[in-house]
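Look at the two complexes coming up: chain A is in both, with chain B in one and chain C in the other.
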Partner chain A sequence: MSDLNETVATVQAVDISSGLASEGLSSFLAGIYSNGLLGVGIFIALLAGGVLLHRLNMDRTYRNVAATTHGGEVSPEDLREEMFTRQGSNFNAAAVAAWMLLFAAFAYFYFLTPEIFPGRNYYLVPTLSSGPVGFAAFGLFFLLLTGLAAAFIPKELYGYYELSRETKVAIMLTVPALALSIALSVQLGTIFPELDPAARGLAFLALFGSEVALLWPVYAEALGGIR
Partner chain B sequence: MRLCIIGIGGCGGHLAERFLKNQDVAPLKKSLGEHVSFGGVKGLWLEADVQETENQSFFGSLEKGCYPGFFIPHDVIGSKSKTSKLIVDKYGYDVKKQGFMRQAEFLKAVFEIFEADEEVKRAALSEHESENPILRAAWDKIRGYTTLAAEKGMSGSEMCDGILFIVSFGGGTGTGFVNPITRYIRGERPAYPVFVLGVLTEEGTDPQQRAKEAKRDLGATISLYDLLTKKVGVGVDGVILADNQILVERFGQDYSAIDDFIHQSMIPFVAGRHYPGEDPPSLAMREKFIEGLDRPPILVPCYFRDRRRKDPEGDLVRKALSEGQLFGCDPRRAERAYVFTRGFMNLEEIGKAVARETGLPSDRIEPWRKLGEKGWDEILILLRNPYGEKRGCEVKGNLEYRLHRVIRMALKYMDDPESNLVKDGMPDLTKRALEDYFRGEDGIRERFLEGLKRIEVGEKPFFLEERNVFERSSRGPRPHEAHRGGGEIRDEDLRKLVEAEVKRILTERGL
Partner chain C sequence: MKRLAAFLIVTLLLLPLVVEAQGVSPSPPKSTPSSSGGSSGGASTTTSGGKKIVKLELDDLIGNLEKWKQDEPQEYEYLKKLLHIPFVPPKNYSAPTVLIWYPSEKTKITRNDNLDIYAYVKNDNPIEVRSDVYLYLEAKGPGDENFTRVGSQRVILANEYSQKSNSTIRDWSGLTPFVDSRVVGNATFRIWFNDMHSTYLTDTMYTRPYQKDDYYSILELELVNSPPEVVGESIRVEPARARYNDPIRYASRFVDADGDLVNVTLQVLDDQGRERANLTQEVKSGTNVTFSASEYGLFGEGDAGRNFSYRFTYGDGLDGNATEIYPGPSLLPSPKIFVSDSNVEAADENRYWWQNYRFSLKVKNLEVDNLRIDLYTSTPSHPNRYQDTRVINASEDAQVVLFDLRPFDVSDADESFTYYFKYSATDQNSEEMMGGTSDGKIHPKIVRYPIYSAVTIGNLLFVLLAALAGGIVIERRLYR
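Right, the complex of A and B next:
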């Protein structure tokens, strides 16, 4: 009997500790995603870090090639030309779509409902929010706004790295992940002022997970160089 | 340099698949975009056995417009073809036969018939608009990927300026195709670069085909003999050798891992992303490979890769030459070294390291550098003819040791009455030709024995003159045999000989 009690107590303890852990994680996540400035800051910092590290990676490659070249003279244009690798049109199309969706998902997550930025959001534009295609128009606006950048980024970014098939698959999988993030944000916009912390958390994870995946080749190359 | 990868036969197909794998991602298994291979290589798989093509899914039928594709050259001959019937009736060879199971002489003989027999040529010409329809069809498929096709109106920047045939030595299909197709290429562009990557099968019984080592070694020796005795400008421009025995000792009988490793080893050779200004065309590579030679060289690949670190040259070179040989050899016997690196490496340091390990002067070391993968440095050293030591065949691990064994095994198989090299059912013409080819006084048996002696005393090359199956029976005596018998050399004969030689040299140089 005492054995049984001990087992029950152990199970309860595990339940409580795992419950506490998941609760702690949830509240930590909620703390981050509900803090608009922090979220936007992380999003921009990751992007800026990617741009900076890409530049550093290119510079480091140039320096390494120059250091191992007799006379140290290498034309940067020639080197860029040699470094460029075709990644394939399936991948390129998916990468362009993913980057466009990344910006759209970001806008949907932070600027659709007043939950995070009460002073700057979709509901403050009545003509749009009362319209029959308001959500779609909101998304399209951001897609067009960032479309040029999104179309340019994959070529500039991925053409200079040797991407494994696994990395390519991970980047391609950001398309459904970001679509999920957008869908969840739209759901949150639809039920507003009702709240759904689980959907909010999942949309956040899908958004930032995708951003990390999209920038991973740059960060990985930089990490390899540091090592 | 951009190579067209042609896998021939079963082994060639498996390896070509590694080279031609699409670097793009196709989520629905079917790529909607252009096929992007590593290093921009293109290629196809030539196979003679329909069943082999049905047992895989990577290559689709070229006839149906698939890429990467396989092609069965013999399919161009219809089942009721008059040419085919003529060859069967006259020579006993069925050109529609599926696969050649370890009979290197089969395809050799078939293609020689097409070249030597005027009646067969005429029949093929009237029926297929080509004197040799099988080869013509194969070459037509390959040609489309090369700069030779680009010259006639297509964009050449994406085309291949050289060909790498991948074959297994000891099979039946592989090398049977290489020399005849090379002859076709030479007819169009004498200096077009053609290289061969040949895999020698391991010692003992082959678990896949259950073929005896001696039988496979006869196929391998015939193949090597054919490739190495063609004059430069007629045959291939380099035979890169890999030994499955070494790879089986390393990976066990995991042939997939072996194929992966051979592919990995050759990546520095085929990869793009060169150091600026260090992208030689295949033609330049060809010139370097054959410089100073009148017969194609043996090239032994030595490969090593390691995590990126500072000043990697010395360690990489040492480990490639000691631990990374794909065919056993003594690097200090090499005539030249062609070095392909991926990563950030210093030309002078590579040269010094290779010179230290091989004893070669710097002008015999040719390094080419490419940018590498993140975090890795790689080196591939192709050693030219790294053999030639007196009694080197007694030193285990030497190239001479391995090839001496292969040739001895081939001779053993030829001398075995159960081998049945000359089949009873064949027409007399073929029987005589084969008997003469195998065991005649100038047949390959004698030539293999001569090759063994040359290896034993450390002479290069060990195989000298090419030998055809239907040389005497169909073509008449060779020029150098015209004066056997001790008679005086007539002016007329001399004039013909000189004319023939001048014509050959001019043809080789494309003039």
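Right, the complex of A and C next:
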């Protein structure tokens, strides 16, 4: 009987501690995703970090190659040309779509409802937002706005790294993840002014998880280089 | 005294003539007591020291003189010359010095200024030679051709001079000689005086005008005027919108720096700009002027529905001005329709912005055909937004005018709203509109489509497919 009591007490203690942990994690997550400036800052910082690390990676590679040529001349342009690797049509198309969806999902998450930026949101254009094609028009606008960047980023980021199959799968899986994030943001818009913290948290994780996945090859290479 | 002296002189000098004239006097014989009793023709005769003395009655003498004047004018004139004895002033007599004393530096005066002007008189003659001096102050205002006397006469007797300086002062205080003047300009003062020997005017008796310190032989001032001014915010007509028989009052206030009375005229103009009435009041500076429409009978039933305007003209007799033309009053037309029961209901109790709302107004319209009723709504995002119009004709029965429409958009969510009906006739309250306020706010929900609706899913699919299509197109164009 005493064993049973100890077991029950142990289970209860585990439940309480795990409950407290999940509650703390939820509130921490809510603190981030409900803070618009912080979220936008993180999003941009991750992008900027990716670009910076990509340049460092390229420079380091060039220095290593130049050191092994023992006086032979290798220009950076030649090296870039030699290093470039085609990743496959399906992957490239998925990567471009993923990057376009990343920017669209970011806009849906932060600029659809007045919840985060009351002065800058889709509902301030009543003619559009009152109509039946408002959501589509909003998304299309951001797809076109970021289309150029999305077109060239995958070529630059993924053409000079060795991508494992798992990495490619992870990058391609960002498409449904970002679609989920967009759907959840639209869901939040349809129920506004009611709130759904779970949906918002999930949309946030899908958005930033996708961003990390899309930038992962650069960060991984940089981490490898440091080691 | 003069008359008596002349009589005695005439009696003594003309005695022989009088004697000759006995029996021809036109005066009736009078029975007068006489020492001898032997008189005839109004004269009595006495004997004194062997001389025969004829004593004339005054009436007889006057009667004779009148007869001579009429019948023998040449002799009569000659007689006058004989009898005239010119007055000769005493030896070493000199006329007194008379000047105007104006102990004020104010040379610009207004019509209402009280002037203190004095006569300074110096008489250096010995007291036994001095005679009485009579003085008048005379003034000539701007535009006047002659001097006129202002104030009353002043007299200085021989013993009323200072023994030390042989001078004295007479005053005319508190004079307002130009209070009725209708022009401004130069105002001149002088003193007229008579010393029993001659008459003098201070502006001409000296070889040249005298002025030293505050003493003048002729005092010249300038009569000026400040025009009255309107106190701008005081002009109003109340109420500006009223029935023709309401107590409508025009009010204004004017200030005259000189304290002049202000002549205020109200001009009422009709909607064609023609003068409807012209009313005048004279008021003190700074007081409120009020014209009551009912007191003057300005408006009648036929004026209902007309818009009037007005202005004030004002002046102080010298300067005048007019205000601009102000609108008012607008007389309310007579009621043509009766309205009541304005109401609004949402299509359902949720009161979403995308739903229809039913606005209604009960109208009893007996005489107006094509009565136009417009519906307006107001929210913070869309103030006074026109919605729709209904037109109804005259009817014996009350009519309920309905507007069933969708008046709001997403920006109106979570807001209260007001509405009003505007109609093309006057109602029983002399108004042309009636409105109301919503019972509660519009529902704050923004998006009308749920996530599972075909519209929303279609939107989502469109975005996803657009991204995928974009990815494929870009890969084909840029990555090969």
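Here is the rule we go by: the second predicted complex is superposed on the first by the 218 of 227 C-alpha atoms of A that agree within 3 Å, B and C clash if a C-alpha of one lies under 4 Å from a C-alpha of the other, contacts with A are read in each partner's own complex, and residues count from 1 in each chain.
Methods note: a residue touches a chain if its C-beta (ideal position, glycine included) is under 8 Å from a C-beta of that chain, and two chains touch if they have at least 3 such contacts.
Source: prediction; values computed, not measured.
By the document's definition of touching, neither partner reaches A:Gly39: not chain B, not chain C. Using the contact criterion defined above for the overlaid structures, shared-chain residue A:Phe135 touches chain C, although it does not reach chain B. Annotation for chain A, partner touching more residues between chain B and chain C: C.
Looking at the shared chain after the overlay, A:Arg165 reaches chain B, while chain C stays out of its contact range. In the superposed model, A:Gly201 lies in contact with neither chain B nor chain C.
Within the superposed three-chain model, A:Pro126 lies in touch with chain C and out of touch with chain B [touch as defined at top]. Of the two partner chains, both chain B and chain C are touched by A:Ser89. In the superposition on chain A, contact of A:Met100 is made with chain C only, not with chain B. Of the two partner chains placed by superposition, only chain C is touched by A:Phe192; chain B is not.
Of the two partner chains placed around the shared chain by superposition, neither chain B nor chain C is touched by A:Gly50.
When the two complexes are superposed on chain A, the residues of chain A that touch both chain B and chain C are 86, 89, 92-94. Across the interface of their complex, chain A is touched by residues 353-354, 381, 409-411, 414, 444-447, 449-451, 455-456, 458-460, 462-464, 466-468, 470-472, 474-476, 478-480 of chain C.
The residues of chain A lying in touch with chain B in their complex are 61, 64-65, 67-70, 74-75, 78-79, 81-83, 85-94, 161-162, 165, 168-169, 172, 220-221, 224-225, 227. On the chain A side of its complex with chain C, the touching residues are 86, 89, 92-98, 100-101, 104, 113, 123-124, 126-127, 129-130, 132-136, 139-140, 143, 147, 150-152, 155, 175, 179, 182-183, 186-187, 189-194. Those residues of chain B lying in contact with chain A across their complex are 22-27, 31-34, 36, 40, 272-277, 279, 308, 344-348, 369, 371, 373-375.
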